[in-house]
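Below you'll find the structures, each written out as structure tokens.
Both complexes below contain subunit A, partnered by subunit B and then by subunit C.
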Partner chain A sequence: MSDAADLGAGPARTFRRPLGGGWFLRQPSYFLYMVRELTVVFMTAWLVWFLYEVWLLKQKAFVSLNGNYAVLVFSVVCLLFTLYHAVTFLNLSGLILRIPIGDRFAPAVIVKGLAFGGLLFVTVVGGAVMVYLGYVKL
Partner chain B sequence: MAETVEVTVQRYNPETDSAPRLQTYEVPYKDDWVVLDAILYIKDHLDATLSYRWSCRMGICGSCGMNVDGHPKLTCSAHLREYRRGFTVEPLSNFPVIRDLVVDIDDFMAKLKSVKPWIVRELEQPLGDGEYLQSNNQIDHYRQFSQCINCMLCYAACPVYGMEPEFLGPAAIALARRYNLDSRDEGTVERVNVLAASEGIWECSFIGECSVACPKGVDPAKAIQQTKFDTVNGAIMSTVLMPFGNRR
Partner chain C sequence: MAVSEPGEHVPWHRREDLKPAVGHGFWWFMFGNGGAIAAILLPVTILVVGVLGPLGVSNWMEDSAHFAWTLANPLIKLFFVVLCGFTFVHSAHRLQAMLFDFGIRDSTVLVQRACYGLAILATVAAAVLLIITP
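Showing the complex of A and B:
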């Protein structure tokens, strides 16, 4: 009897095929799902690096590596993964959020537009504040 | 010579086989045939021992779901002309195989029943009081989710169900959502314990293939994500914002 075969609840013997470790390579959609999940690793890595720099700043031992090509490439890769994550996440907003208008709900495209508009607004305002406070020089 | 197409079928006899094997048949090709016609031909003319499920032949009963070239399909709706170079038919993924193309659906049926996919009333209205009336807009809220035919293609497409067989699964949650959105129903509180359990909505990591596989255009992934949102929203409303409200 195969390892994968198991005994069913009744007298009949059933066979259950294991999913296997490479299941996400079977379909492009499964692979893109795994990429979406992987983005979190890069976002976390960038945040850990950021917190380390803040700690160095507090220790008065901060040396800016922002001009370093490796750091630059790492930051760009993290930004791309973050944008991919943000887009896939906000694309869901129109699907999930149900904003009642009378006894109907706002169309998904409006909800999605508001979500992306909100992201753009927060990004612009956040950037403007950083520039105003002198953390970013244009 | 008449055109033919090569059909490879997964065979499994629990009395003699330790694991499934593949068997290939040469079947006449007809432009207006569907995959189910090819399987019926095999059964009628080539190999009477082949086992599979089918019934209505028109995409209503949900019995003939199988994997065609690795993708879950209703074989009565999958046209042979899309598989002109030959194809492989296997039982739906993620389910225990009983024999050949027949899978064990007991787990699915139990999960379906657990979400009470019927109208639950706290107090039944006497028949003499007439029907429970609904507006067209109220029907629109749940119409899409009521199209489910329990074909289980969404379960076969869901890797989460493949990895965690205790997961309640897309169709059961979509049907729970269908009744939760029904203005005549009062069973949301009864269903939430099943839906919000660890093997319920929170198991889903939104791969979304259930919605792609659905032959009736139901969007189970949407139902699951909406239910997650409503469950959290309901918990916040009842425990944080209105802790002394009228909780059932």
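Showing the complex of A and C:
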């Protein structure tokens, strides 16, 4: 049997180039992609910490956070990663959210503007409400 | 039904030959909305509770009585249940993708089930904790 016949006999053989564990260190864009994926670890960690504080409250072992600089440092780190998640995620909203208007879609820049506007609105109004809740007299 | 001439472009939302993938759609809904909810609601929550609170700005976590009074509000409970649930499922999706990117590719289904299972368990635990507290 000829070589040409051999080539067509079985399923196509493909070569997968092994990436290795440190592939994301090759280019800055790969690294930033992995940082974006990693942001969820910090977001989840902060929420788990908050739920732990709720559990402490339930156990009547809750201690005030005022002057707790460990919580401050932890929260600042989590906040930075959360903001990175927010910016990268909302930046994609113009591409992902395809809002049909007739046979066309809403322009990406409008969708993106609404997403970042929502972030700004919720941050200002939600922040004001949360701070107000802190001043409410019991 | 939209009938198109050969070569004519028909937008996906008008094509009736496409069947909805309900299961895939559900998890994609949870991932997408989880990302959006976390992106919009979580920064301000961390800023006020975790950053401004320790710096001395009056905060509902400044003492146990105030914290308990705030958590007694059903809207606050609902806010945190939604925030936790959507964020956990979003995190599960990204975590399984990240593990794949790190080279864990032999047991994709097992990793997916573990990640999503943990997210569902954590959401249920968070909901129960928030409902029974204070």
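Basically, the second predicted complex is superposed on the first by the 112 of 138 C-alpha atoms of A that agree within 3 Å, B and C clash if a C-alpha of one lies under 4 Å from a C-alpha of the other, contacts with A are read in each partner's own complex, and residues count from 1 in each chain.
Heads up, the rule we're going with is that a contact is a pair of C-beta atoms (placed from the backbone, for glycine too) under 8 Å apart; a residue touches a chain by one contact, two chains touch by 3 or more.
All values derive from a computational prediction rather than experimental measurement.
A:82 in the overlay: touching subunit B, subunit C, both, or neither? Say first, second, both or neither.
second
State whether A:51 touches subunit B only (first), subunit C only (second), both chains, or neither.
The second partner, subunit C, only.
Name the contact category of A:103: first (subunit B only), second (subunit C only), both, or neither.
A:103 contacts both subunit B and subunit C.
Name the contact category of A:62: first (subunit B only), second (subunit C only), both, or neither.
So A:62 only meets subunit C here.
Mind telling me which of the two, subunit B or subunit C, contacts the most residues of subunit A?
After superposing on chain A, more of subunit A is contacted by C.
Quick check on the superposed pair: does A:13 touch subunit B, subunit C, both, or neither? Answer first, second, both or neither.
The first partner, subunit B, only.
Return the residues of subunit A at which the contacts from subunit B and from subunit C coincide.
Residues 19, 24, 37, 96, 103 of subunit A touch both subunit B and subunit C.
Across the complex, what residues on subunit B touch subunit A?
12, 14-15, 18-20, 70, 93-99, 104, 106, 135, 137-138, 140-141, 159, 162-163, 205-209, 212, 219, 221-222, 225-226, 228-229
Looking at the complex, which residues from subunit A come into contact with subunit C?
Residues of subunit A touching subunit C: 19-21, 24, 34, 37-41, 43-44, 46-48, 50-51, 53-55, 57-58, 60, 62, 64-69, 71-72, 74-76, 78-79, 82-83, 85-86, 89-90, 93, 96, 100, 103, 115, 118-119, 122-123, 126-127, 130-131, 133-136, 138.
In the complex of these two chains, what residues of subunit C are touching subunit A?
That would be residues 11, 13-14, 32, 35-36, 38-71, 80, 83-84, 87-88, 90-91, 94-95, 97-98, 101-103, 122, 125-126, 129-130, 132-134 of subunit C.
Note which residues of subunit A are touching subunit B in the complex, please.
On the subunit A side, the touching residues are 1-2, 4-6, 8-9, 12-17, 19, 23-24, 26-27, 29-30, 33, 37, 92, 95-98, 103-105.
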